[in-house]
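Chain naming follows the written order as A, B, C, D, E and F, and within any one chain the residues start at number 1.
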Amino acid sequence: MLKTFRGGIHPPYNKDLTKHKPVETAKLPDRVIIPMSQHVGAPCEPIVKVGDLVKKGQKIGEARAFVSAPIHASISGKVTAVEPRPHPGGGMVMSVVIESDGKDELFEGINAPKPLAELSPDEIKNLIRESGIVGMGGAGFPTQVKLSPPPGKTIDTIIVNGAECEPYLTADHRLMVERPDDVVLGLEAIMKATGVKNGYIAIEENKPDAIEAIRKAIQAKDGIELVELATKYPQGGEKQLINAVTGREVPSGGLPMDVHVIVDNAGTCAAIANAIKTGMPLVERIATVTGTAVNEPKNLLIRIGTPFSEIIEQCGGFKGEAGKVIMGGPMMGLAQSVLDVPAIKGTSGILVLAKNDVVLSEQSPCIRCARCVDACPIHLLPTTLGKFAERGMWTEAEEYHALDCIECGCCAYVCPAHIPLTQLIRLAKNHIMAAKKK
Amino acid sequence: MNQYTRMIVVLVAISLAAGALLAFSYEVTNPKIQEQAQQALEQAVMKVIPGAEKMTTVEKEGMTLYIGTDNQGNKKGIAFKTTGSGFSGPIEIMVGYNPKEGKLTGIEILSMSETPGLGARIKEPAFTDQFKGKSVKDDFIPKKDVKVITGATISPAAVSKAIKSSLATVTKIYPVGGDF
Amino acid sequence: MVKDFVNGLWGENPIFRAVIGICSALAVTTAGQNGIAMGLALTFVLTCSSILVSILKNIIPSKVRIPCYIIVIATFTTIVDLFMKAYFPALYQVMGIFIPLIVVNCIVLWRAEGFASKMSLIRSIADALGMGLGYAWAITLISIVREILGSGTLFGIHIMGANFTHWVIMLLPPGAFLVMGILVGIMNMITRKPVKNTHCH
Amino acid sequence: MPNLILISTLSMAGLGFILGGGLVIASKKFAVENDPRIDEVLGALPGANCGACGFPGCSGLAKAIVEGKAPANGCVVGGQNVAKKVASIMGMSDAGASADRKIARVLCQGGKAEARLKADYHGVKSCRAASMVNGGPKGCPYACIGFGDCAGVCPFDAITMSENGLPVIDEEKCTGCGLCVKECPKSVIALTPEKNEVHVRCRATLKGKDTRAVCDVGCIACKKCEKECPFDAIHVVNNVAVIDYEKCRNCMKCVEACPTKTITAAFTERKKAVIDDKCIGCTICAKNCPANAITGEVKKKHAVNQELCIGCSICEEKCPKGAITMVRNGQKANNHCASCNAAK
Amino acid sequence: MGEYKFITTSSPHIHSGESVQRIMFNVAGALMLPAAAGIYFFGLRALVLIIITTLAAVLTEAIFQKLRGKPITVWDGSAVVTGILLALNLPPGLPLWMAVVGAAIAISLGKQVYGGIGMNPFNPALIGRVFLMITFPVQMTTWINPVDGTTGATPLQIMKMQGVSTDYIKLFLGNIGGSLGETSAFMIILGGLYLLYKGYIEWRIPGFYLGTVAILSVVLGRDPIFELLSGGLMLGAFFMATDMVTSPISRLGKIIFGIGAGIFTVIIRFYGGYPEGVSFSILLMNAFTPVINRYTVPRIYGEVKVR
Amino acid sequence: MLKELFFIIVSSVLVNNFVFSRFLGNCPFLGVSSKTETAVGMGMATTFVLTMTAVAAYFIQHYILMPFGLAPFLQIVSFILVIASLVQLVEMVVLKISPALYNAFGIYLPLITTNCIVLAVALLIPLKNYNLIESTIFGLGAGLGFTLALILMSGIREDMEFGDVPDALKGPAIVFITAGLLAMIFLGFAGLVPL
């Protein structure tokens, strides 16, 4: 039996658009806008000024806090502005704008470190931090922080998240097909850094070619196992993944490390491998550009900071009338209102839906059908939470565990009354957190 | 006065006054109440014994029986109370019986709590009148011997059953054809 | 004073506005005349008790005021009870236990505690009469609705024609609640206050 | 049957005695300290014990009110009068307009008509929810989103949403509780001293041209106000003008200067100084007037040049004789409508 | 790239496409099966009754919403379902005006006073039926015999009064006296299976409901097959107890709901004044639903702390 | 005997529920049914007082009123006096002994004096000729029936908060209508227990 969890949904996956398309390297952008906050935690401080000349891989944002990750220039050129710019996450974020000189020169400080076998755990962690590697599965949590559990917390399992359960997206899929060894090398580095002997690479069964590739890559490796998962959304959610792979449940309000697990995205592993092999920090990533309103859907290797408009241009621009531009997948991605926002480290894809495909149904009263209850992978009562949120009953929402919602969107996806449950619960979470901070 | 003593004194005084006042009102109304009850009883007896003008009460074998007489002192029949178990509570029935003829002379529902519009229609003459002149030998089987009320068979059945079972005792005391 | 009287009739009508003392309003209202009788009985008890409470208000220590008021109310209730039994036995049978329950009819204690124990005698009387009659008309209205639909009669007189199908539910508990609910709703609609101009007052 | 009367009288008296005695003993033995206000509040309540308030009886509500768990107007049956009485027992008589009373003011004028949208937002009609979707649909990331979260939380119904999709605060009803300020995801509402009539109704720190691109009434940081202000009370900081409420004297100069009408005053008319017969001609006012609007000879009654007066009230404050009053539209100037003065 | 103004919403950006309307019309479709049986056995009269109650239900809903100044949402089909279900619950010979009263009560007191679809605590169709049952008991208990068109008793009445059972085949196919749509167990099960297949109803409620009745019948020495096939049990279990608006949302809650309804049905059938207890039982469990929901909040993922 | 007691319970909880079919205790039913917690507390407190009252009423009836022939006119006064004092006494005792218990249900006690169920139970006991045990059970059943009604109504009312009840019906009106529907449903138990 394939491993899975209770709850969840089966949306149409629409991965055929790009799943057979090899990753193309995007052309060098004329200009990149690099936000100083691309991760969970404290934003970086820009360490360049307008007029400075920078090179690819040069550090331009310094991470002063522990939970943070440095930021590097992704192209060579001149800094033309250091000012707040629109961020794909919403709002204005301090950003460094670099005008390309077209040369794409490598920063001098970049050289391959020692091979993995010779690196000590601390060296690996340091390399990961200095390379600005953050979780590429979407949340953007600084990876090195995850790998340094506080004393008393032991880790016995590392899971590489290759589920890629979001519809449309194929970035991890292509990565695992094309660079399986990088994924495995990254996992080995993490295992070494944390001293863990058990590694799993978990992949949904709808990616047979990726499974095949990874299987080949781990043949000779000890302690690394391949786990085939049922195809179901949100199989890639870390709590669901841990549950499916190990049978453990992350306690409410807890972290994976509470059940001795670290989950890392396949892309994160590849980025670590890249840093070990070449010393190159995280300045580019694979993103799937897809959707019903993109002329040529593709998997692109893009530089961090490339504006969306430029990326979409490379995929033949819009097809027909574009209704919605989403950073990420259709279930959890963020809708964008302007195209001059840049791709960041967590941009796993850009999805453009045609106007006709954007469902804007009128909300009607909840009929208590409990579809949302059955779909919720956390076993919450989304309908009840939604009602609390609509009436501003934040304390009640908290009692009903609103904070445990992973915002996967399953409830809103199934709701026949078209109630924006996920958004309502997100609103409740926001209020609860605000009240807590006070 | 200390506040606690005052509490007691006031409470006692008021209770005292209330007791006195009530006892007095009771004295005033009680005869009338008794009279009313007697009158109601007599009325019911007269109703189920046609032609009766007066009544005398006799106690026999644990039963209270009312013997109805006309102005001349002729006995017109006897009446007795019986209780049936209806749909939603007891049904009190006054039954008139003429031993000489061995027939019922009428019935009257004294009290009941059946459903208005349904079981409560046992109060209506349409139902009660059928018992007039019925032989006490009758089986009183609902739907066969006794017309029932559509949608509410339980109440009429209860009435029939109560009459039938009490007649068993009464006809022992005053056998059919006998005097009374 | 007039204001106190009208207050009970309309503004703070015990049944429709304050919604209090409703048990009897639901229980006895199967026929119009029951409504009137119950209303008058309550008005009597309420007025007498209010008079006495108003007179005694300064004598009764606050700690035992509830028992005292209740005794007063109970006394008058028993008097009504006895008199009804003596002179209106038929009505008494219909209203059964609800005459004694005037004692605990929340209206009486409400007015005794809330009005008579604080106000002058005259005002208390006006208030008690207003409340009592307010109660009376309200439950008579309920009775009428239930009687017409349930029995096709109005104060015992057939008005709905021979073929009228009786709405049995109206004479049963649910009918009482439903009629009450709908009437309170209608009342709310009639008296719904225009949005008050609270800007400058 | 006097016998019956006797028996009943005696038994009632006995019952009364036993129960009364029981209560007395109990109340002595089981006496519990209580907040005396509970009894007071209880006295003010109608005593119907109807439970309509959602509390168990009047004493339940009284307790809750004293403990601050229920509002003074918690009694449904009692209405306004009871609420007032209770409030006075609880010492909650309305806060009153003290000198430094603060009230909430909306610092954005970019309603539907003035501010441009960057996106077509659909979803939960809540400012906070919308602000979590790409920062909200308005082009200006600092603009009021206009779904009225603030109006929703105001416990005093002081905020209404205008046709144009902006909150309007009823300054009379506003108690300065600050709930709206906390609620607004865009920090568009601020608590400001009530006495201040002039406000910069924009918080966009966008560069001037960016602001102009998204809003007709946004501050474009032209600094004209800064130049006009006689009291050095307004400065452009971080691309947006900010008033120092301590220094501002409501002269409305900046209001007139602002090309985008970003700065507004509560009144269209400036108030003017008027000197009455108490004037002894000490010339203090004339010396202090920043606009040189007061003239007059020593020891003679002075006069104000209404054209020049900027309504800053300095003269009024300086006058030792109290001879100067500020007048607006022929009435003594006050921030509020005259009819309310009595109430305060 | 030209001037675009994109649509923004919170995630998710796709939807299953399921809608209230679709669910309701599917249920209405499934109801056509028992309805067809009713029309076959009781004739045109049955069809007229169905049409009348449906129209009355829809009209009441529209009028109510119009009066309240709310958007008219009769197209969501819920009133249609209520109307059809009410008809299926009525004696085929009921005077039409009574059916109209029933439908009006169902929608007004059963649904709209609470704010309309999704907010009603009780099953509206059953409210309509029970109201009629209590208001016009005589007409509501006058049953037509499908074989000869005469009035007669339902199998449950015969059981209650005379203790005589009825042929299983007849009960299964439906040529017996009874409400318009309740007689044919076969058609009801067919419709129920369709809804189960479509995922519009949850197996737990009918499963536990029918199971409880069967088990209690055996325990109390009655014939379980007769009890399952007679009266409104099948219709109630598949179409009415499953009304999602008025039944609990959690799985455990649904199980409790089913068992509770089963127990009350048996109590009323075996010991009560009425021969049939399905309507009352379902309504009673409707009344319990908020309490059930409150005390059956599921254990969430990770709630029990792992050491 | 046991069967009778069982019937008394079933009758007073389901068949002749004090609220839905005997119309008693409506004021607190209306007032205290908006929150489930309060409903449970009130229900428990009422049940307790009712049981005690039933016992007290039995003794007063049989040892004071009947021997002296005072029943016809002193019944009401003496019962209510006892109830009022009893309630007040219990309140004081509970408050002193356990503030926690008081907070859980003691605060509902004052409301109970004016709950007509209490007096009705006291008056019904002599009327029905119940013996001591039957009286106790009757009081208990009445309380449980009242509690059931309160809990059902409070659950529905809590859900109603999320509904969209027309303005005119908000408040008591919709509660009455709901009570009417519940009363209708409880009629399903009609005829369940022979009485």
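Basically, a residue touches a chain if its C-beta (ideal position, glycine included) is under 8 Å from a C-beta of that chain, and two chains touch if they have at least 3 such contacts.
Molecules present, by chain and UniProt name: C = Ion-translocating oxidoreductase complex subunit E; F = Ion-translocating oxidoreductase complex subunit A.
These numbers were taken from a predicted model, which means no experiment stands behind them.
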Labels of chains that are neighbours to chain C and to chain E: B, D, F
Relative to chain F, chain with the most remote C-alpha centre: A
Chain pair that, of all pairs, has the most C-beta pairs in contact: A-E
Centroid spacing, where centroids are CA-atom means, of chain D and chain E in whole angstrom: 54
Distance between chain centroids, defined by C-alpha means - chain B, chain D (Å): 75
Centre-to-centre distance between chain D and chain C (centres being mean Cα positions), rounded to whole Å: 45
Distance from the mean Cα position of chain B to that of chain A, given in whole angstrom: 87
Multi-chain contact sites of chain C, meaning residues that touch two or more partners: 19-20, 63-64, 67, 71, 74-75, 78, 82, 106, 109, 168-169, 172, 174, 178
In chain B, residues with contacts to at least two other chains: 7, 10-11, 14-15, 18-19, 22-23, 25-26, 30, 87, 115, 117-118, 154
Junction residues of chain F, two or more chains touched: 27, 30, 70, 72-74, 77, 81, 85, 88, 113-114, 162, 164, 166, 169, 174, 177-178, 180-181, 184, 186-187, 190-191
Inter-chain touch pairs (all): A-D, A-E, A-F, B-C, B-D, B-E, B-F, C-D, C-E, C-F, D-E, D-F, E-F
Residues of chain A defined as touching chain D within the complex: 86, 90-92, 334-338, 360, 389, 392, 420, 423-424, 426-427, 430-431, 434
Complex contacts: residues of chain C adjacent to chain E: 165, 167-170, 172, 174, 178
Chain D-touching residues of chain F, taken from the complex the two chains share: 27-28, 30-32, 34-35, 38, 41-42, 64, 68-70, 73-74, 77-78, 81-82, 85, 88-89, 92-93, 95-96, 107-108, 110-111, 113-114
Of chain D, residues touching chain F in the complex: 4, 7-8, 11-12, 15-16, 19-20, 22-23, 26-27, 29-30, 32, 49-60, 63
Of all residues in chain A, those that touch chain E in their complex: 9, 11-12, 167, 239, 243, 248-254, 258-259, 309, 312-313, 317-318, 322-326, 328, 330-337, 339, 351, 353, 355, 358-361, 364-371, 373, 377-381, 383-384, 400-401, 404, 407, 409-410, 412-418, 420, 422-423, 426
